[in-house]
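Quick one: the structure is below, questions incoming.
Naming follows writing order (A, B and C), and every chain is counted from residue 1.
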Amino acid sequence: MTTDRILPVAAMSLAILVLWYAGALWLNGPQAVEALNRLGDGWGTADFVRQAFAMKRPILPTPDQVAVELFQSLTGTPVTHIRNLLYHTGVTAGSALTGFAMGVVLGVVLAVGIVQVRTLEASLLPWVIASQTVPILAIAPMIVVILGNMGFTGLLPKAIISMYLCFFPITIGMVKGLRSADPLALDLMRTYSAGTGQTFRLLRLPSSLPFLFASLKVAVAASVVGAIVGELPTGGQAGLGARLLSGSYYGQTVQIWSALVMAALLGVALVAAVGVAERALVRSGPGGGR
Amino acid sequence: MIGVASRQPRPAMAPGPLVALLAPLLPLGGVAGHSVGFVDSPVAVAGLVLLVGTLLLRRLAVGALSEAVILSVGVAAGYGATLRLLADGLAPDAGLWLLLLGATLLLGRVLRLLAEVSGPARHACPALFGLAILLLWEILTRGLQVPAILLPPPSAIAAAFATNAADLWDDFRQTVLISVLRGYLLGCGAGFAVAILADRVPFLARGLLPLGNLASAIPVVGVAPIMVMWFGFDWQSKAAVIVVMTFFPMLINTLAGLASAERIQLDLMRSYAAGYWRSLLLLRLPCALPFLFNGLKINSTLALIGAIVAEFFGTPVVGMGFRISTQVARMNLDVVWASITVAALTGSLLYGALALAERRVTAWHPSFRKR
Amino acid sequence: MPAAPSPSLPPALTAVPPPAPFAEPGAEPGRTIVDVRNLTLTYQAADHPVYALSDVSLSIAQGDFISLIGPSGCGKTTLMRVIADLEQPTGGTVLVNGMTPEQARLKRAYGYVFQAPALYPWRTVERNVTLPLEIMGIPRGERQTRAREQLERVGLAGFERKFPWQLSGGMQQRVSIARALAFNPDLLLMDEPFGALDEITRDHLNLQLTQLWRRTRKTCVFVTHSIAEAVFLSTRIVVMSPRPGRILDVIDCARDLPPERTLDIRESPEFQRIAHRVREGLMEGHSYDD
């Protein structure tokens, strides 16, 4: 199975790298020509390629430029320093995880309420679903400003945006999961005359876990998006979003790309962490998922 | 099941709403510094009498639905009287809050009754709930005099909506009709086309699928500043962000959909010696429709988000994202809320239209069919 | 890839041999429709080779109704799938109408009825039956006439506009038989078509099927688990055995049972005798390694 996949994925990655360098050549080409002309007439193809791949402010930086920048910004200064990218990643991860935790609590509470109380199911669930169709990120700047007016700055506003993005998939997945208990198993609980609480703890909760973890993976990825977007309106203080914004203000493309790569790594790492937790907690074996 | 439930005995009435009866004992509020007693205000008394009256009248009701209708008159009376008094400039006190509490508890009863009802009346449940949230929002922001900077009342938002209608329409046209629509069509179209290609070339599919799954863990919206840098401030950069965001969800859903035809149905096509394109058209695409719609629905929300966030990074001076970020900076939160309302309505309408189309096209699917 | 329909109608559609009215199917030798010689199919499982079919030879004549019976894993379905070119043999030859299975499939020489109805839920009953005709490029008007004709033949006139899910399981399977008959193939391959139905429905459909066969004199190959079904329907019964999949016995029923059969012949001593012999054969196959 895995050896089946390695070759295509490797080929695809190689294709992307080639396309990336070709794109860099194409996009940075005009600037490179200009720069070389300023230096003098006698330049050949090799000079052109070298110039296009080593621009100071390229339109598309090459992967090696991004890697070098990434390495320097991770090791050039101490981790706690404002110029260290890991510091910014930590800031984003902190608010993403805080928001994620809040979103998990809110999502699970809503799901339990919806499953246990019919009135909530009929009146609230449609609005929870409708909330998904709203481009929630649009209110991100406003939440930051409102909470700033109330004296909350820093982590909390961003965490609230992350929470907002998180709770929906969790609620929906958890409602589905809590309802996924086998009707026969539910009947069995009834023959034991188990109470609502016992049925919930012994049957509904365990059978909802695979659904919960599937949603948690979606939610944790969303929480990173929320934290990054929440950092945009603060005007570039700290965090990966702030790095994106300041990079775009000052035309520092290499900085933008390294922040992007870091954000991608953060997202992948968090999703992988949820996966590890799932493997540790859900013992139903393969196929226990959706 | 639901039909049976409506014929079951209705849930017992909790005495909660009766707290409103205590309201006349307490001061209603103050107008221009003078305290007003509850019984001095005909509006408050009328509201209370109607509310309590419906509590008595409910015994006439034959079913859950008719009781809900009767009681909702009482709820309306309570909310209406409160809104009226607030509009007259009353600074509310305990009496008014008790009346409101009674009406809200009564609303809980109405919702509980409606939750048991079958048929189209069930949709009244979320509608009433939404309306009540809106009214409570209005009453609480006005009654507690919440600063408009924090949360303007819905009426102020509606007023801002009306006065800024021209701007909001221009924003809508720029963001939705131009950027979102083009980006969405391009992104979904590209995802679909590449999925068909990958379906023909399995090597490509095996390489693309892990990449697509990876993309779902990545905050793709971060490419916005790069796209703005590459494609400029106008719609092209927004469309580019949307294409990047929507491509992989569509690709993955299409591939999953094309793989969803059952083995036995594929064998049937083979026994008819049907070629690739014919079995694609006659069997595999119809099977994939629910997956395609799933991708289209996810992408409709993503596309709006992509456009608005990309506008935070730079626009011509029009667009929903531009409006929101500039008006937030100027503390015109009513305009921001009006803009958000437009975004919310757009998102819901897009999603609703797709859901409706899905219901039409895939009426045969087990999730929709009824005998 | 024969994606485009051939301009002229396939021979099966134009030249249907008119069945001799009261011919004894067993007595009349007829031309050979399916000729299987020394067929072997081996595939590699996780650690050992599996002999799905081992040196199987069988000849099926025009107008025969052949039942393949045996326990799971005896290769009866595999044999039929090889005849239908849905599976590739590793050794031996198969000829269908004197052609390779692939040529026969491309000429649409056979209709296949699967274990499940495999109807398309998004098409009406009638449009399900016209599906093969559509693929074969038959004009719309004729498609409809033929579909109506076949639906009437299986007793489903009046259900044309219904959707498959509005029909019972037995009715759905009848639609799939009508679909297989719609393009008038020489050969009808049926893979446990009534396996999922209850016994009463099954009896009913067996009766309908034997009447249908008597009227049309199609050559039928029928895979089943049920001894009674096999004896009731067949002119010849092929008893198979697993590990390796092979033919143990071929029993002629046409000699002892009348061609016109009603459900009560199941009580007759001839019927019982044949059923007994089939059972003996099956037991012998089982004792081989159990």
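Operating definition for what follows: a residue touches a chain if its C-beta (ideal position, glycine included) is under 8 Å from a C-beta of that chain, and two chains touch if they have at least 3 such contacts.
Note that the coordinates shown come from a computational prediction; the quantities given were computed from them, not determined experimentally.
In terms of inter-chain touching, the protein chains here are arranged end to end in an open line. The chain with its CA mean position farthest from that of subunit A is C.
Two chains share more touching C-beta pairs than any other pair, namely A-B. For the pair subunit A and subunit C, the distance between C-alpha centroids works out to 55 Å.
Centre-to-centre separation between subunit A and subunit B, using Cα means, comes to 23 Å.
Counting partner chains per residue, subunit C shows two or more touched chains at no residue at all.
Partner subunit A is touched in their complex by these residues of subunit B: 108, 111-112, 114-116, 122, 125-126, 128-130, 149-151, 203-208, 210-211, 214, 216-219, 221-226, 228-230, 300-301, 304-305, 308-309, 312-314, 320-321, 324-325, 328, 331, 333, 336-337, 339-340, 343-344, 346-348, 350-352.
Considering their complex, residues 1-4, 84-86, 105-108, 110-112, 114-116, 118, 120-122, 131-132, 134-136, 163, 165-166 of subunit C touch subunit B. Looking at the complex, you find that subunit B touches subunit C at residues 262, 264-265, 267-278, 282-283, 286, 289, 362, 364-366, 369, 371. Subunit A meets subunit B in the complex at residues 4-5, 8-9, 11-12, 27, 59-60, 118-119, 121-127, 130, 132-139, 141-142, 145-146, 149-150, 217-218, 221, 224-225, 228-229, 232-233, 240, 244-245, 247-248, 251, 253, 256-257, 259-260, 263-264, 267-268, 270-271.
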